[in-house]
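Here the structure is laid out as structure tokens; the discussion comes afterwards.
Letters A, B, C and D mark the chains as written, and numbering starts fresh at 1 in each.
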Amino acid sequence: MPDDKPRTNITSVAPGRIRVKGYDIAEMMGRKSFADVVYLILKGELPSSEEARMMDAILTSSIDHGVTPPSSLAARTIISGGNPLNAAVAGGILTIGESHGGAIEQCARILQEWAAKEGDPGKLADELLADMKTRGYRMPGYGHRLHQTDPRTVRLFAIADELKFSGKHQKLARAIEKTFADQGKPLPVNVDGAIGAVISDMGFDWRLGKGFFIISRTVGLVAQAHEERTREKPMRKLGISDYLYDGPQSRDL
Amino acid sequence: MPDDKPRTNITSVAPGRIRVKGYDIAEMMGRKSFADVVYLILKGELPSSEEARMMDAILTSSIDHGVTPPSSLAARTIISGGNPLNAAVAGGILTIGESHGGAIEQCARILQEWAAKEGDPGKLADELLADMKTRGYRMPGYGHRLHQTDPRTVRLFAIADELKFSGKHQKLARAIEKTFADQGKPLPVNVDGAIGAVISDMGFDWRLGKGFFIISRTVGLVAQAHEERTREKPMRKLGISDYLYDGPQSRDL
Amino acid sequence: MPDDKPRTNITSVAPGRIRVKGYDIAEMMGRKSFADVVYLILKGELPSSEEARMMDAILTSSIDHGVTPPSSLAARTIISGGNPLNAAVAGGILTIGESHGGAIEQCARILQEWAAKEGDPGKLADELLADMKTRGYRMPGYGHRLHQTDPRTVRLFAIADELKFSGKHQKLARAIEKTFADQGKPLPVNVDGAIGAVISDMGFDWRLGKGFFIISRTVGLVAQAHEERTREKPMRKLGISDYLYDGPQSRDL
Amino acid sequence: MPDDKPRTNITSVAPGRIRVKGYDIAEMMGRKSFADVVYLILKGELPSSEEARMMDAILTSSIDHGVTPPSSLAARTIISGGNPLNAAVAGGILTIGESHGGAIEQCARILQEWAAKEGDPGKLADELLADMKTRGYRMPGYGHRLHQTDPRTVRLFAIADELKFSGKHQKLARAIEKTFADQGKPLPVNVDGAIGAVISDMGFDWRLGKGFFIISRTVGLVAQAHEERTREKPMRKLGISDYLYDGPQSRDL
């Protein structure tokens, strides 16, 4: 009985034919962008042009943050020990835990749970923060060690506004920021929180939150590990944060 | 002396400003596609529209190949053991070794070495295969367990032709296929070999070869691990290859 | 001020001298067993001969469980993809999550929390299970897919009895087993639960629970990956559970 | 036909009975040391008391080398990012590559290949080093960044001498050291080289070389990750090498 077989709804493979969510992969090549197909495989349907542009912006936002994040450090350390590129990238992805990138899914989970209650965002935000305080939790997705205002957040919300993806989750996320400010805490939404809000307004399962970060940052990890391998000696002392940037200087699009 | 500091040429980070290869990441968001920025971080410059389209096709080609590849199996096994999404994806990427995805970089290395000699592709192909035979090596990037002719290869080469990226590396890759056929060996270029040829004609360092596969397949691994986590019980018997596909049926673009 | 420096209390290294918890590593070589030094690094003091023997028994208990556990499958899959031994073992260890080996630390945590209340073990066991039921949790460390009575559990408890390590945690663990039986549920303590009880009676931090399993099983993973690499072809179909054992037949000590 | 089934010669598992290389695991518990069983699973037979003592010394030698090795840095970075203990240890093991611990297997491979030629060790050493120089390779297992003379090497060879495990591989290893010295290069055998020589004289497959290091260092990685998790804040700046050791001061066995 076919019901007994394990099931998958992602990709069907037969000799000469690979279909992702029903669409022939060879047909999509050259006609659909990579972000389109990322959207398809995670959401089940091809995106509208607005959804595709939003997806491109989300994936671009987290592509790299330089040499110092733990994931870069781990990837460089591993390739420096004389290991292949895939091991280095895998080690980098291993670091993407609750305290590094993990805020996306936790923030999205909380926004989805509370925004579902409907009601005035400001009032929901007050209740939500009071509830978290009572239970001894911190709201994930707010504040950043380096960026006072995260330029990626500002841009992500602006694009979401323009493309009409600023629904109840973004409203709640912004209301939380305002409640913090009213309490004298300058804790702006960071890029993790902004992604959490936008993917919630786009209808994604919050459990995929860390997945967006992983897909995006993998690219940066490939670049970081490749640079370590091609420019540095094996087993050098790593973990220094005072790097000299010697790539192309500031340039305009 | 600044020369003593370690250097990086990928990303510069300052409060409120993140630049990748000199371009402001917030400015690129909404104006550049994800594939554009992947190209930028790996190549150092933003792509032309032809280069961007070629990049989209390459990244789309390897996004997923179902439940059975070793990388899917490892990712599902790890999440099934009660681990977070990032650990599952990391385990999947760990499997992408010399025998799984690794053919891209080995094939690109050989094509770049031999195509640099200039000369008639057919003659070069004969010499190259004779040389490999003498040294006891197999040519990587040819033949596939399942696909007689790999639909992704056909499409990738067609797009490269259309966009004028079919240079001496693709010519050599096709000549090798012909030499095999003349020797009575039906070993068509597989998708790894095709990517190796196209990225060589686009001017990429062969050592990035596995990187393209990693960036692309990470998306499929997120989807595979997410499906395992949301549809199956922990610690189930894994490794079965006889899956029932119950996603959307064949559909046209 | 030295207080500002990060601190470590594990190992001090100077030219020509490595000390673990104050003891010279070269002096310990040849005079202390490996299990002695494992105990030292995890507990801070060298073990008595009883503690050393208990440690040897714990580490031996989980050294391997054949080809079918998820950790073996992941390690074999990774080395089969053409990766180095360390990547394979790392992938195996990645699978050791909440549902595979993770029961040790969860069981130890619960036993340490409840045994601290002092009181009749039977009564504590009843309360503990009622409490978990109310909160919708299952007691970790009980029942096994294959072994009705786990031979390793029986032996571990017998050794603990002989060496006087059967304190209040083991008493509680056994009382829980009895409560289950009284409720008509044949859920004997499994090896994870037994290790959780014994390390608790030995005074270990429950958060090290999974560490004992990792240290022990790493050995099996090296053996599994080495066998895959030396006896099988790359990229073979993995995940089959019906293996033929062709090693030495049953033999007595 | 049973011959078609995949085979394993490591562990056989049946309800209520687990046998490693034919020996009942429950029977070995309490009667055999952990190092005995490690020897059994890697070599196929239980060790003599000399072999067991040698094994204990090898595994003790590499158990930890403080906070600064790449494997410690990776393990701490990963747990600091908010990941479970197994992910941290896996990341540490991932770093154990060609340039970190990998010298054991490379050194063992070369010693086994050249010692098989039989002949005067000094003459073999000269030829071997001349051959490697011609081919542009460095001899692995010699020299150390920190230790002029590695105390673990001295001790390992002394124990091997005492237990009669100093055969032709150790003789060749020492002759290589002498040839280096005669050439004015102070490159003493380091601990990787010494382990490579001793396991070769004990009859182990050189491909298991890195396995000894992995089994041993996994213990240190558990300790390093546990310390990071219990003493430090998440996402702190890592990679500092100037640590204050605040554990027990020097003490005698």
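Rule of thumb we're sticking to: contacts are C-beta pairs under 8 Å (C-beta built on N, C-alpha and C of every residue); 3 or more make two chains touch, one makes a residue touch a chain.
Everything numeric here is computed off the predicted structure, so don't read it as measured data.
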Handout entry: Shared chain contacts [subunit A and subunit D, defined touch]
Key = B, C
Practice task
Compute the centre of every chain as the mean of its C-alpha atoms, then state which one is farthest from the centre of subunit D.
Solution key: A
Handout entry: Same vs different contact residues, subunit A with subunit B, by half of numbers used
Key = same
Exercise for the section: Report the inter-chain centroid distance for subunit A and subunit B in whole angstrom, where each centroid is the mean of the CA atoms. Expected result: 22
Handout entry: Between subunit B and subunit D, centroid-to-centroid distance (C-alpha), Å
Key = 35
Handout entry: Centroid distance [mean C-alpha coordinates] between subunit C and subunit B, Å
Key = 39
Practice task
List, in ascending order, every residue of subunit B touching at least 2 other chains.
Solution key: 83-84, 86-87, 90-91, 94-97, 101, 240
Practice task
Using the contact definition from the top, classify how the chains connect: line, ring, star, complete or other.
Solution key: complete
Exercise for the section: Flag every residue of subunit D that touches subunit B in the complex, lowest number first. Expected result: 83-84, 86-87, 90, 94
Exercise for the section: Report the residues of subunit A in contact with subunit B in the complex, numbered from low to high. Expected result: 2, 5-13, 15-35, 37-38, 41-42, 44, 46, 53, 55-57, 59-61, 63-68, 84-87, 89-91, 93-97, 101, 146-152, 154-156, 158-159, 162, 205, 207-208, 210-211, 214-216, 218-220, 222-224, 226-227, 229-232, 240, 242-253
Completion exercise
Given the complex, residues on subunit C that touch subunit B span 70-71, 73-74, 77-78, 80-83, 87, 90-91, 94-100, 102, 234-235, 237-241
